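Take a look at the structures listed below.
In the two complexes below, chain A is the common chain; its partner is chain B in one and chain C in the other.
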Partner chain A sequence: MILRLLNRACVLSGSVRLKSTLSTFFDEMGKSGIILKSATTGIFENLALEDWIHDHVDLQNRSMLLSWRNSPAVVIGRHQNPWQECNLPLMRRLGIPLARRRSGGGTVFHDFGNINMTFFISKKKYDRHRNLKVITSALKALRPDLEVAATDRFDILLNGHYKISGTAAKLGRTSAYHHCTLLCSVDRSVLSSVLKSNTSEVIKSNATPSVPSPVRNLLDVDPTLDSDTIMNAVASQYSNEFGFDGPVITVDPSHEALMPGIHKMAQDLQMWEWIYGRTPKFSVCSSLVVDDVTVKLDMDIKNGAVEQCAMEIPEDWLPSEMVNEFTSALNGSKYCPNEAAVLVAAFTRTVSVTADVAEKIHRLCAGVVSVM
Partner chain B sequence: MLRAASGPRRRCFRCCAVRAAVRSVHPDDMLSRSRCLTRSLGRSISALRQGNRALARRARHQVSSSQCVSVKSGPSCETRSSVYQIRYFNTTTAHRNEVITVKTPAFAESVTEGDVRWEKAVGDTVSEDEVVCEIETDKTSVQVPSPAAGVIEELLVPDGGKVEGGTPLFKLKKGAGAAKTTAAAPPPAAETPPPPAPPAAAAAPVGGPIPTSMPPVPPVPAQPIQSKPVSAIKPTAAPAAAAADPDAGAKAARSEHRVKMNRMRLRIAQRLKEAQNTCAMLTTFNEVDMSNITQMRTQYKDAFLKKHGIKLGFMSAFVKAAAYALTDQPAVNAVIDDTTKEIVYRDYVDISVAVATPKGLVVPVIRGVEGMNFADIEKTINELGEKARKNELAVEDMDGGTFTISNGGVFGSMFGTPIINPPQSAILGMHGIFDRPVAIAGKVEIRPMMYVALTYDHRLIDGREAVTFLRKIKSVVEDPRVLLLDM
Partner chain C sequence: MAMCTILRCASVSLTSSLPRLSNRNALTPARLLARTCYKRALSTTTRFCAALKFTDKHEWVRVDSGVATVGISNFAQEALGDVVYCGLPEVGTKLSQSDEFGALESVKAASELYSPLTGEVTDVNDALADNPGLVNKSCYKDGWLMKMTVSIPEELDGLMDEAAYERYIKSIED
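The block that comes next holds the complex of A and B.
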């Protein structure tokens, strides 16, 4: 009996030692509200941090605010279609990554001039208007003559017209999180060019669409409003609203020991199957012009992979068997320029073609890839 | 069963009695209400016995409404708008093949409707609390977990369809669905792009099969009688569940699943086999002492990085060596055109470098290597790598090539025979660098050695040419000054 007790005691202490994760740290702090700030600027690490807190921290009697910023990235909502929402070729050229978050809503562009704020709370006390009021009150406290107000669509408008914040949320089983952006000094030209899709006219989909709005930076109306000032103001307003006080804790999402499993969460968020493969089924119907010849292209894409591909090409330009082989080569492949290029390259290797037919196939492939 | 049936009745009498005590209730009223209760109870029990879902649902609602009348005391009298009410009547052991309908949960913040996005498909096995679908309402994503473990029988709303709180979402067949055998959804037609011409030891990682497709959802039937829908795709679910084989669980790991070869893979396989049948393929080997090139790299890598902005690797040495040897032995750079029975000699050298990527084997081409130096080659390799990373590789970057180099050494291969990548005539296989004792000037020394292999088409290239070619590569890599001296 004593031995058993001893064993149990040992096991307990062992597990307690292992369990000094971030969530136990919060439990030990015993505060009803905590303000966090992320130490990194990687979009995937920060999204993983959000998910980790949502999954592992007990939010029944606690509320938390996490503020974070990222290096340039485009973030689409859970059920959106990236080809419809942003200009993927431009993003690839500029080296701007694409991320898909787990909450719903529309597409946003992040860079260092944008502050993201996530409000974690239990499902019972979930109230997005209250959260947005924290932000608008904080801004008004900083600059009383600033005209900012939240709409019933949970946007925050500046001067009643320009959107400076958009919202998205996720409701889990017992807890929920509501996050929003805040435009302080974002590069507006990059934002508008990157969020304008180059293929939206040819796509037919029932994915959640974004509602484009004219945007403004807070820095444009008041050059003294920088990100740090705003973050501190929001933090203190949050403390007032939720009735607690404490320092802002900086969290490093790469700290695997403190947050076990967070590394894998960040990896999962970067997988092609998550970012592109989770797109609801859509179809592409486009007319390409290749070498003065009009090619009609019809593709059905499901889970990011080409389910069906059909092309109408004049017989004299390319023989129909070749066209059939080309389309069947694309069937089942990921809807991705590299994959298509690899497949077509392999395809040309398997057919003995003259140089000019090979050229035509190359240009046809380039045309098809232009919609990916 | 009878006891359970009488239970609520008894309790409700108590509740009604309490109310009667508080204020005068018309006796007939009370009696008729209780009669209604027993009638609806009886109906729901018989409905269940017949397996008649819709009627049971209606009966359940009636029961719930009449229970609403009594005082809210105790969980038995509480209304539950979910499926759990069915359990209340089944006091016998859980039915194995019971199908329950899961409804949309109520939305928060006075939101009225949302879009459904399915995570699971018909025939998928889910565990309790596993997410079956997500509902997007007004920028919010809500997960709908499964109330119990089972197999998804039917999806009642199409993907992207609109639902309101309480709308039936899907049907779940309760009970532990057979684990592996039910995973046999219609074998997906294609894998992710197959690797072209796999050279030696290149274990090309194949992407997983495309996930199960979701069949078109039948419309919710209007008539009350509804036979249990037998999903056409899941014929194995029924016998697996009914088999009640105690060994089924233990043996589940021995199943197999078939994936149809896609056309690309078939074509490449065909082409490869064709090449093997027409070419007289054989391989010659040699070994390369990597000490000089390693020393050169160590000495110059920092300055190289500073000047050119990219790292100096070993590939550039081998690529340049191959180009040099190819210009020296033009037969290796040529190819036989089987249709016209001609030998095509090419005076340019395009070297394809086989690269294993997570997506499979990719063979980008470095064009015009004969005019490039080590720095140019490294820059080109780097550019191609960047393009691949940024998802910008074009067909032109991967098509053509007069000679291929494949590096099995990155996977640790020591020795091996690469296979020619049609329509070329030869391929150089590089293997791993391992320290080995070798004889140098009568003494044994430990040197970092790499085995190299050249597989060539003997119809075109004879043994002497092949061996000379390989020895040229060896001499250039062992002492790059050979290039300057044109030896």
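The block that comes next holds the complex of A and C.
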């Protein structure tokens, strides 16, 4: 097989007439297949780009491949619980953002060593195995003795054991997209520490769970398999499989004129109500130790907000009226450490308490916040 | 239960539709025929209709006492595969016809759900939270998704009845 390397990248912004959008540009191109590469490394901009293409580009007689990479981020599936899936306090300390995508599936960690690929097509021709075959064939064309294969769960395994790719998908009105990751040179120590929740044992939820798997980078088995080499190989194989050719087009998702509405889509994906508020209803049941005293905490969280909060605290440590005031302060608030801390601080200012009680409330708050 | 029917009947008076015959060249026999035919449109809108109606997105609707129950068809649940999660709207959500109201996650993908009618959500099937598989096992009965009011009853006329839906499925399967 002769690999045609698609070096002829074409940067889109310069070549589009005024009043043309990306969608009309594709229609005018007249090609049945298009390969795109994102110019940005922001997770929200890239997720918005996927959604924009899905909503606006006519995919009935056309298929598209988009490849993209992000600066470090954790991405959860549409119906997942972030408190169950990842270590939120650690992510905050490391400055790693959390995103919720619109497709289903499990939680993944992205950084520059991970390639994301999105296959856009009509609902009728939606075929994930065909898409994954593009990737495994491309890898085998680069390194014929590489043992990579897709599973029934649409993972790609290396040597029959290590996961190098996970898949998720979304079906819309008439079109669909299937996207997957590909681990080339991801920071595995960060990956394993952020994808390990610090509070999953205290959470009871029916959110879709992730299936943890041992992972490996392609670079670990072959140091010459870098992201660019792999992206070019996949693009070439995609063209072979879907029977067309053309340059890889670089798209900049910050171009609002080219993609009207994309900026708002990226903003919507960053809203607390979407990222945390869309978490399916769950309950938290935890035993905290504060000042050698055991505090039993029970909370119901709906739409990311505390629907109900109850605490069992020894009466001699903190009087029950104080406990009731504390739990009332939290009711209806966002299940969020900053918000809880602010509310409790405000509450201690409004009630007259001794310094000793104020200190206890402060430490109790720290305990409660530790599960957020 | 009283059946409320609205009959709309438009008839064109024959005398007013007769063309003027003074201009011999103006009308060919075919055109003459077309203009003298009158159209009578018959429309029946039932507020209390227990038959299933279907959308082309494979949702079904059953209206009972002004409340519409919504679910997905057998064709849809088979195509989806095992449903693992049902993302449904809040009670009180106002929906226009074709608005996205939620998503079903299955082994296949997260599939968006589109409202068959315009109205307000009055109830969602809480049983699906612990047992999303009901959508596969009993899509027309226990696997119902939500109930809503019917703001625009005429929208029901635009939906397919069971026979039309069966024909529609056959046409897309081919």
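Keep this in mind: the second predicted complex is superposed on the first by the 353 of 372 C-alpha atoms of A that agree within 3 Å, B and C clash if a C-alpha of one lies under 4 Å from a C-alpha of the other, contacts with A are read in each partner's own complex, and residues count from 1 in each chain.
The definition used in the following text is that a residue touches a chain if its C-beta (ideal position, glycine included) is under 8 Å from a C-beta of that chain, and two chains touch if they have at least 3 such contacts.
Only a predicted model underlies this, so the values are computations on that prediction, with no experimental measurement involved.
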Side-by-side fit of chain B and chain C on chain A, or clash:
clash
Please work out whether A:Asn206 is in contact with chain B alone, chain C alone, both, or neither, and reply first, second, both or neither.
both
Is the number of chain A residues in contact higher for chain B or for chain C?
B
Applying the touch criterion given at the start, work out whether A:Arg102 contacts chain B, chain C, both or neither, answering first, second, both or neither.
both
What is the contact status of A:Leu36 with respect to chain B (first) and chain C (second): first, second, both, or neither?
neither
Could you say whether A:Met117 touches chain B, chain C, both of them, or neither, answering first, second, both or neither?
neither
Kindly classify A:Leu288 by the partners it touches after superposition: chain B alone (first), chain C alone (second), both, or neither?
neither
According to the stated criteria, A:Asn338 is in contact with first (chain B), second (chain C), both, or neither; which is it?
first
Kindly classify A:Phe347 by the partners it touches after superposition: chain B alone (first), chain C alone (second), both, or neither?
first
Of the candidate stretches 25-33, 151-159, 367-375 or 403-411, which in chain B collides with chain C after aligning the structures?
151-159
Does any part of chain A touch chain B in one structure and chain C in the other, and if so which residues?
77-79, 102-105, 126, 168-173, 206-208, 280-281, 303
Quick check: in the complex, which residue numbers of chain B touch chain A?
108-109, 115, 117, 129, 134, 136-143, 145, 159-160, 188-194, 196-197, 207, 210-211, 213, 262-264, 267-268, 270-271, 339, 359-360, 362-363, 388, 390-399, 421-423
Show me the residue ranges of chain C that touch chain A in the complex, using the header's touch definition.
57, 84-85, 87, 90, 103, 105-106, 108-112, 114, 129-130
Can you check the complex and tell me which residues of chain A touch chain B?
77-79, 92-93, 95, 102-106, 123, 126-128, 153-154, 167-173, 206-208, 280-281, 302-303, 305, 325, 328-329, 331-334, 336-339, 341-350, 352, 358, 361-362, 365-366, 369
Counting only contacts in the complex, chain A reaches chain C at residues 77-79, 102-105, 126, 168-173, 176, 178, 206-208, 280-281, 303
